[in-house]
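First chain A sits with chain B, and in the next complex the same chain sits with chain C.
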Partner chain A sequence: MAKILKRERLVPNIHLIEVEAPEIVRKCRPGQFVIVMPDDKGERIPLTIADWDIQKGSITSIFLVVGTSTHKLANLHAGDEVPVFVGPLGKPSEIEKFGTVLCAGGCFGIAAIYPIARALKEKGNKVITLLDVKANYLLYWEDKLRAVSDHFSISSRDNYYDCKEYIPYSLKNILKKEKNIDRVVSIGCTYLMYTCAEATRLHEIKTMVSLNPIMVDGTGMCGACRVTVGGKTKFACVDGPDFDGHLVDWDELFMRRKSYFDDEIQSMCYWERKNFP
Partner chain B sequence: MRRVQIHYPQIDKIDFPSVYRDYEVRRDDPFFDRNYNLCILCGRCVRVCHEIRGASTVTFVFRGSHAVVGTVLDRPLQEVGCQFCGACVDVCPTGALTERAIKYEPLPDDQAKTICPLCSMGCELDVMLNKGRILSTRPSKEGAVNLGQACVKGRFAIKDTVYSSQRILKPMIRRRKELEEVSWDEALDFVAQRLKSYKGKEIGLIQSPQISCEGNFLVERFAREVVKSQNVDFSTGISPLEAFYETAHKDKVKPRFNFKREEISEADVILLAGLNLAVSHPILWLEVLKAVRKGTKLIMVSPDEPLGGRHTTVCLRVKPGSEASLFNYLSKRLLKDEQADGRVLEGQEFFTTDLAKLTAAKVVESTGIDENTLNYAARLLSEGKSCFIFGMGLIQDSRIEQNLAALWNLALLNKGRIIPLGLETNSRGLFEIKRKSGQKTKPFDQIVQEVKGGQIKALYLFGPVPGNKKLKTEFLVVQDSYLNKMSERADAVFPAATFAESDGMFVNVEGRMQSFHRVIEPLGDAKPDWWIVSQLALRWGKKDFLYKKSSDILRELKKAIPAFSKVSTSAQKGGLPRFIQESDKEKEKFMPLKYQERTELTSKTYPFLLGSEYNLDYYRSLILSDEIKGFEIIRNPRWFKLNPKDAKRLDLEDGDEVEVVSPVGKIKGIIRNTDSVPEGMVRSCLFWIEEPSSSPLLPVKIKRGK
Partner chain C sequence: MAENKKEMPPELKERLRAGFNLDWRKELRKSLPVKERMKIKRQKMPERSPEVRNQDFFEVNKGLEARAAVEEAKRCLDCANPQCVMGCPVGIDIPTFVKMVEIGDFEKSIRKIKETNALPAICGRVCPQETQCEVVCNLKKATGTPVAIGNLERFVADYERDKGEMFIPSLPSSTGKKVAIIGSGPAGLTVAGDLALKGHQCTIYEALHVPGGVLWYGIPEFRLPKNILEAEVDYLGKLGVELKTNFVVGLTATLDDLREEGYDAFFVGTGAGLPNFMRIPGENLIGVYSANEYLTRVNLMRAFAFPEYDTPVYLGKKAVVLGGGNVAMDSVRTAKRLGAVESTIVYRRSRVEMPARIEEVHHAEEEGIVFHFLTTPIRFIGDDKGCVKAMECIQMELGEPDASGRRRPIPIEGSEFIMETDLVVVAIGNSPNPLIPQTTPQLKVGKWGNIEVNWDTMETSMKGVYAGGDIIRGGATVILAMGDARIAANEIDKYLQNHKK
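Our next item is the complex of A and B:
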């Protein structure tokens, strides 16, 4: 049983969870993830590690409340325990000195991209951070990310920040201006990663995306997280989660993610009925 | 907002930055969520709650940019008198208020109309459908009865009522001590064969006022023509309509039952007696509120303080059982003012002489209301056109006749209108069928007695039966939509279709004939009630019971019972409302007073008086709070309502488990403190459902449970 040290709502629907897990902290590296179960009967939720504290021995993750399990997780409090908290899983992101790296993140990806940006900065890269939020009140961790980036820009649909275009448009604009970008790292929802990968395809800049297919055990046994990358079947949990965005079969990924759409709604309705009359 | 997004895709940019107010989403109330982050402060919910529903639970709180819609002291809605009618949810343009049950459901792809079966008003509802499944219900804007409004039952309970987990889906018969699912033919053959072995007087049939006129008419004919039994009545035994009719019948007075909703709001003074109108008939209560806003005076006569008591001009909280002396005293006061008009009819001087015996001191003592208040009420009554509405509260003890006679005399003296309010959906329709079918039948109490005595050996039930633990017969058939205690013991169980799955007609309390149509396909093997009865009659070789659709029965009904002669079998499309036909003349005659002194029911061993609360929180055998958790929160049938002073004396707190013991039986429940109940009284609605007796006012004592 892992103890929850902190659980707070950062912005509407996005929550932070900090769990005591000293063994995981010792091993974890940027880009890896943990699997958490909110209760004995719940699903296993893969969450990207957003930060860790060696002194406290704690792992911090950010999650978006969408379905039953994440609702359950959002209803936990500091001091509660989660029955399953395993990690670090997956391969760490490639961190080397590339030159100039553009990190594009949105939604829960804002937090997931933070350890990668930090590590890239430490390696001596020039880090350009591009964040996407729907409205100004959905932005979090701005100061943290600003501290690790050389150039920082936010696009929000309400035109509160630098621009109001969706992230691929602003990405294209940046690519036009800055000729010497060597690598793009993109984390967020599948659509965001897909559009980012399409935006950089013409410029032939290697784009790494952190895929989030439906995942069950996270150790390569079940095969629920199959994705096709470069014509070969890969498991996102052991071969990923980072892949080259230009090689991923996006259509298949979108389809696979929708497999349990109706069941998820039913489960959500059932849970709501039980807990909220 | 959603519609704006869909229909105006060109609006893709908003020049103003969005400001998130970061309020917590309120989820502590049943049925709907309140997310004031999405609120645009249009004030529609505030207005509908205040101006139409008269509840005034929400209003604007704080000032300037901090202004938000909220409740007093930020309490949950259930603590500030919200009745969860859902009117605010229906008018909310942004989704700040959303129905929780359909939050994650798809959008409706079809819409149909039905009639709500959960009280005797018969509100018209729009049913939202998706792929042939009910998503939710809304009050219909064209509904002539409800005028776009509904109550918590019609708004939030319909879907769960239809798709209840307790639905009976297959016909079942008992073989080797177990209920087995069988085909319709097998079940019908089995029941017919067994019923044939009994004589007519050994068979009892108990109807339900919650099934359509067609169903009830066929049951009546089935009893008369097929099994030749006189033991047929409906399950609650007595309704205000029936009681009023019988009292009037004895004295050869002909009362009028039809009324129009507008008659209430046109009155200058309204007197409500023995009912909590805001809970039992919320839609009629709206009409009363409309009148009150126009300046009509409202008088309430009840031992309890009814909901919405603040709208009353004067609230007469009488001691239970002393209503008759109150009405008689009011008549006497009126008579003093009006004698000059020669209002007292010739040859009926007995009335004045009888009233003369009644002294003010006596009335003050028996009712517990001071003389000034009584005189004030009498003065209000003399002011203009009056309307008297009464409910189950007046007919709940042995003094039914004197209560009703006193009320009748008062109304006659005042040239007022008297309106008895039945509870069940089709109580009016069933009443007309029973009254005009010309068959002599035994009342419910007598049937129960005969079942206990062993004269009735086979029982055929169409709905829930109160006091069901004691009814034991050789052969028991249950025809119901939901499993209940009786169907566990039954020898045969027929799955009946609910209102949403069948066609039919209800007659509402106004006398308005409302047809409803099939909205969804029947669940499982459920069939309409009329179909089951007609198929059963065919097993006796009765060819004239063969009907293909319910409208054929309606045609028959029209011929057989003159009250229904205005029925048209085609679907009702706008047009004029169709009412039950009745002669317009009310015979003007006073009834003898039959006044008896109020007797003290309580004693030292049984210090409290238990009274029933009459809310129709059930549909056939389904008690709504069993299926819908929200109902358990707002109106738990296990509550025993007690005055806080009594509770303090007994050292009981809210939520304490208690056992209430009466000479007839005992029952367990939970204590709920409320000021609305007078001292020395306990209110419960469970008692009525599970352990009723002929006199619902019972002396009881309260013991602390485990």
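Our next item is the complex of A and C:
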């Protein structure tokens, strides 16, 4: 059992969870994830590690409330325990001195991209951060990300920030201005990563994405998370989660993520009926 | 990778001889002549009826009644030269425990087994006795039907558990030596049990949230009820074995990290946790599972009780399982229980080449499983939502024997046909899990990613690090894993006696 130190809503539908996990803290690196099971009957779901505190021995993750598991997580409080909080899983992101790196994140990916941006900055890269939110009240961790970025901009659908377009268009505009971007890292929902990868394809800028297929064990044992990358089947849990966005078979990933669409609705309804009659 | 046939070790011979010469054994042999013993029919294992059991997940075999067990034990001729013991990878003193059943002393009988096997209720259920102890039984040579050793082992193990008191042997004083065991599958549990009995402090590390490895996530409830597994793991806890779940050695900590924590020796039993696929088009369609995923969803995550449990699983109406091993049988019978109208095995060779246990094939047939032999898929066909709806198959014929000694299947040109299906489970084997080899570069690995060991000692290329089970063999059986573990445990014990910190 792992103890929850903090659980708070950052913005509507996006929550932070901080869990006591001293063993994971010792090992974790940017880009890795944990598998969480909210209760004994829950699913095992992967969450990217968004931050960690060596002194406290704690891991922080951010999640979007979508289905039963994330609803259950969002209903936990400090002091509660979860039966599974295991990691750090997956291969860490490549952190090297690339030159100029653009980090494009949205939704829960704003948090997931944070440790990567921080590590890239520490390595001496020029970090350009571009975040996407639907509206200004959905933005979180702005200060944290500003602190590790040389340039920082936000794309949002309201008139609050610099650009109104969806992130790939803002990304394209930046690519036009900044000629020497060496690498793009994109994390967020599948559609966001797909469109960002498409935006950089013609520019031939290597674009790394952190894939989020359905997983079960997270250690390579089951093969639920298989994705096709460069024509080969890969397991996102042990070969990834980071892959070259230009080589990913996105259609297949979109399709496989919907594998249990009907079941997920049924499960949600069942849970809601039981808990909020 | 197969082991060679070995001579009976002198110590084992002596142990068996001592038992053979005990007075009560002599009396017992005299009490019923061999001729009479040979006349007794093998006691049938009571089974739940196929039409009922293929609708639920309760155990198929009900276990022998006490009277039947005694009757079965009478069939054992108590030979002077018991071949069965040599057939057992963990060297259980079979004649002694069987004869104790015959005199009705079930408690002593289970204690006898537990001297060499910490997991009798599991082995009594899932070992392929027909190719191990029972195949070499002298009664089989004489009458054609061997003593039902497995059923008797199960009987005494169940007898003890049902009574509610598990006998805990007296433990020697602690040696102060610490052993880390990676993986809580059959190999890991066996090593832990053996070394705990020798006074070493054992800690088992398990990546999943429950201990048991393949015994939990792989073998279905109807073949190995989980309460039985839990009881056997509990027993290890009573022997002082420590268990750390949710800990992925290689990632949460490496072997080297653990060594720094003060462990004196290691056993790696991380199993064949990397499913093989067919590598044909359409394999990533929705509704195509690896057997590992399918069984894990059902057994570990309890998808059969969805939505009470959150993890879903596809419920095919026309389920197809590819493969002919025990895992394929488990998968196809699981699909049937989850409501498949038609649940089919598609196997590329013929019936005789199937590696599954005869009992499992027999049970599957009784439950209405359909078998398609000499057939293999060449591609999967999906609908507009990306769900599998059919597969194109090709028929095969058998050619010359290959490296495994089985005749090689060869596709027959022009024999392609379409088979409808909405659930495919690929059960064509597993490769060793890569996490430990990847994160332990000093460890020598073979060409299939298996950890290389000295087969006499199970020691790896790293001093004090031993390995066994599917991580060194690829996909094999529970009892072979336990056999490796037995050898490794003895060697670890020897190593620790000479090892100074």
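As a convention for this text, the second predicted complex is superposed on the first by the 277 of 277 C-alpha atoms of A that agree within 3 Å, B and C clash if a C-alpha of one lies under 4 Å from a C-alpha of the other, contacts with A are read in each partner's own complex, and residues count from 1 in each chain.
Heads up, the rule we're going with is that a contact is a pair of C-beta atoms (placed from the backbone, for glycine too) under 8 Å apart; a residue touches a chain by one contact, two chains touch by 3 or more.
Owing to the predicted nature of the structure, the values given are computational and were not obtained by experimental measurement.
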Combined model on chain A where chain B meets chain C, clash or fit: fit
Chain B versus chain C as contact partner of A:Pro12, first or second or both or neither: first
Partner chain in contact with A:Ala135 - chain B first, chain C second, else both or neither: first
Touched partner set for A:Lys164, first chain B, second chain C, both or neither: first
Touched chain A residues, chain B compared with chain C: C
Which superposed partner A:Pro277 touches (first chain B, second chain C, both, neither): first
Gap in Å between nearest CA atoms once chain C and chain B share a frame through chain A: 15
Where chain A meets both chain C and chain B, residue numbers: none
In the complex with chain C, residue positions of chain A that touch it: 2, 23-24, 26-27, 37, 41-44, 68-69, 83-89, 216-217, 219-224, 226-228, 233, 238, 252, 255-256, 258-260, 263-264, 266-267, 270-271
Residue ranges of chain B in contact with chain A within the complex: 13-20, 22, 27, 30-31, 33, 37, 100-101, 103-105, 628-630, 632-633
In the complex, chain A residues that touch chain B: 12, 135-138, 158-160, 164, 265, 268-269, 272-273, 276-277
Residues of chain C defined as touching chain A within the complex: 207-209, 217, 246-248, 251-253, 273-275, 277, 279, 283-284, 286, 289-290, 292-293, 296-297, 301-302, 306-312, 314, 385-386, 433-435
